[in-house]
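Alright, structures below, take your time with them.
Both complexes shown next keep subunit A, but they swap its partner, so subunit B is in the first and subunit C is in the second.
Our next item is the complex of A and B:
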């Protein structure tokens, strides 16, 4: 089971994060029992030295900055075809 | 709402940067915003960062309520406009302006032959064109724009899909032909035809159509300790990934003295709408339409006046909420939190609401002030509104509320128009010439209803689910 955590801190959420929740409707059925999508309060990647571009999404333990639905799906494909 | 695009994200970025400067008393820094968004040696969207920066400057002017015609001296710095707006409490009636610098003057060639054309022997494009508009030059088809009537037959006939349709997105999206090119080839909005549906603002991929923002005047009022009341549209409940109660909490942290759910006013709309429908149909009127979508009301007022007698005279939930709020908080500044710009126009006409702040502006404001929506399990503000009133946010919501309010449905035969396009406008125009097989017509200018408004943040289907879940979670009473 892989958890997709979409940062819903104010910055990530209004700068594209809100649109990433649409991923549910775009994932292939093969992921149905492999994936859980959840929202999170600010993950904290918008501050500090290693500041990342919003929106930030975690796929498992891996961070996807400047995330798009396409980037997440490509990442999942790599994870599950290994 | 439309697909996410960079023009939308840039607008949100500008808004939050402007509000942040205002909150920190750094308005003098406004001129830096174009440089921050398009830094030296960074990437440009247009020909170069300098053009991008110029466009950003004019977009900021548009947000502040100034358009190109207000610019008498090109060297006037941005912060002067910002200060003038705040100091003189400058409000203009104009809601939308086209930023000439940003408008790409999209070619309205309509049908174009691309280089996928193989100059085949069959030449079905040429043979099927009734206007003799297609010729062949160096082995490829070309369309004579003078003769072409944009029927699209050549496109259908071409086996190579070599002929494409090139739209002008804003003109295509406008259901009432209110946006057209001026003599300079730039788009221009004809306010006398505009119904403030906001579809052009969503459609333009250059973000050239800018909506005036009043959020700065609200921020200023709160800074000056004016008593300010927020009236929040039911659609707000689905806009952030948290409970409605937490969203309301965030608004209070922005400095509002009270937050009132407009769903409370929707209770009155439902009662009046139901009573009016019963009265009118009993007196032989074949059907009645809803009136809470201001864009639809504008459509009827400006383009389908024959339909006017059929539109309900009942006021919108915003109106009744504002009336209630005026009694409860006399003298307070009334701010409506809105999913769309049509409400801004309605508020300007109505006089009860002082300012309209869009959901997008709320998000930018929260960002500027560093407010995060919590994840505690707060119930909605006062919980005075029933389930049906909260569903006004969704297409079909008004119908549902009226239907549930009427005893045993009372013979209500509803029909819904979910989203106004050119096609829907045509069928509405035809409506007055025949007796339809429904007697209650709900019209929502935006697909999905208010959660699909042009200034929303969340996707409509996500927002819908969230609103429905919210009601289950807090066990909100079913009916009034």
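Our next item is the complex of A and C:
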């Protein structure tokens, strides 16, 4: 089971994170029992040393900066076709 | 028409509401209900005046009476003097040789002492723990060139938390007059019994709701055509409902623990506006935050939850929308899942609101290339506070950390 954690902090939200909440409707059914979608308060990547480009999404333990639904799906594909 | 005023006096909160209905086929109510907060002394003055007759003339008589009563009382004028001035100012009715409106004055002092002055209106009903309290009334003598239709009474008592005072015009007590159920009108005894019954069934009933019920009953007694001007006013000395809203990380990280502890120990409702603030508190209290994914359709980030916290919202966007809602005139909507509406509901349902505002600035929010301009947290909260204070009569405190 892979967890997808969408950052719903202010910055990620306004930088496109709001659209990522749609991901559930865009995922192929094959992932139904393989992933779980969550939201989170600010993941802490919008400031400081670990600064990354928002919106940030975690897929499992891996961070996807500048995330889009497409990017996440590609990442999942790689993960599950390995 | 509904009016509402609230004031905080020491150990209880004064929730005042009134409701009015003009006599059937009249345009204006001949009763006037006024409230005044004397902020400097933390006093609340409430006056009900019923002008002789009905319509515009009655309304003018009652307005003059009520405003004089409020003003003289707030200036601490001796009661007999106030009554004399009111009576000598009002014109005399030729036929009935009486010239006045009746009035009731309730003056609630900061320490909890309540003074009552009653002249001509149905008697004040005072409720404590399901009982009607007998007020010991002293007649007040005034210069005898005034022909008093009824005696003028003074009484006082010390208010306690959960007491209720009900004052009404004779449109309530005489409603239904001539009907089979109440040939002599509903009667103050029946009104009294009705209210006691309501309070015992709904111990937390708001002043608003009790007023509404009294009016609905009176109008029903009059078979839905009010036979007289009707006014009901209710004063409820209830426990203040407190709310703490924490928003923003403290400027100094060493204060994180203090912030978390203060919020955790706060006796009242607790809200966090801001993800980073929520993260700090979760970390300090070793608790988990759970973000609710099911309501993401309000152009605002979704709400989250944590043990012992009543609501967690995102910060600046949600506060901004809450401010707009308040500005437009907000009415509670308890079913909405919009985070800003949920926040505003809490604002309106509480009396005393403490904002704990962290002053650390989120540098990333100040980037001019962002697609929306993010306001400074402190400013939005100041605007919300002003709105709540001026237009929603809340008691507000803002602490910056």
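Just so we're on the same page, the second predicted complex is superposed on the first by the 82 of 82 C-alpha atoms of A that agree within 3 Å, B and C clash if a C-alpha of one lies under 4 Å from a C-alpha of the other, contacts with A are read in each partner's own complex, and residues count from 1 in each chain.
The rule is simple: a residue touches a chain if its C-beta (ideal position, glycine included) is under 8 Å from a C-beta of that chain, and two chains touch if they have at least 3 such contacts.
Note that the coordinates shown come from a computational prediction; the quantities given were computed from them, not determined experimentally.
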Could you tell me if A:47 is touching subunit B, subunit C, both of them or neither one (first, second, both, neither)? second
So, A:19: does it touch subunit B (first), subunit C (second), both, or neither? first
Quick check on the superposed pair: does A:37 touch subunit B, subunit C, both, or neither? Answer first, second, both or neither. second
May I ask you to decide whether A:9 touches subunit B, subunit C, both, or neither, giving the answer as first, second, both or neither? both
What residues on subunit A does subunit C touch that subunit B touches too? 8-11, 13-15, 18, 21, 39, 41-42
Interfacial residue positions of subunit B with respect to subunit A in the complex: 3-4, 9, 12-13, 16, 240-242, 360, 363-364, 366-367, 370-375, 457-459, 461-462
Counting only contacts in the complex, subunit A reaches subunit B at residues 6, 8-11, 13-16, 18-19, 21-22, 25, 39, 41-42
Where on subunit C is subunit A touching in the complex? 275-276, 278-279, 289, 291-293, 296, 299, 301-302, 304, 312, 314-317, 362-365, 370-372, 374
Write out the stretch or stretches of subunit A touching subunit C in their complex. 8-11, 13-15, 17-18, 21, 37-42, 44, 46-47, 51
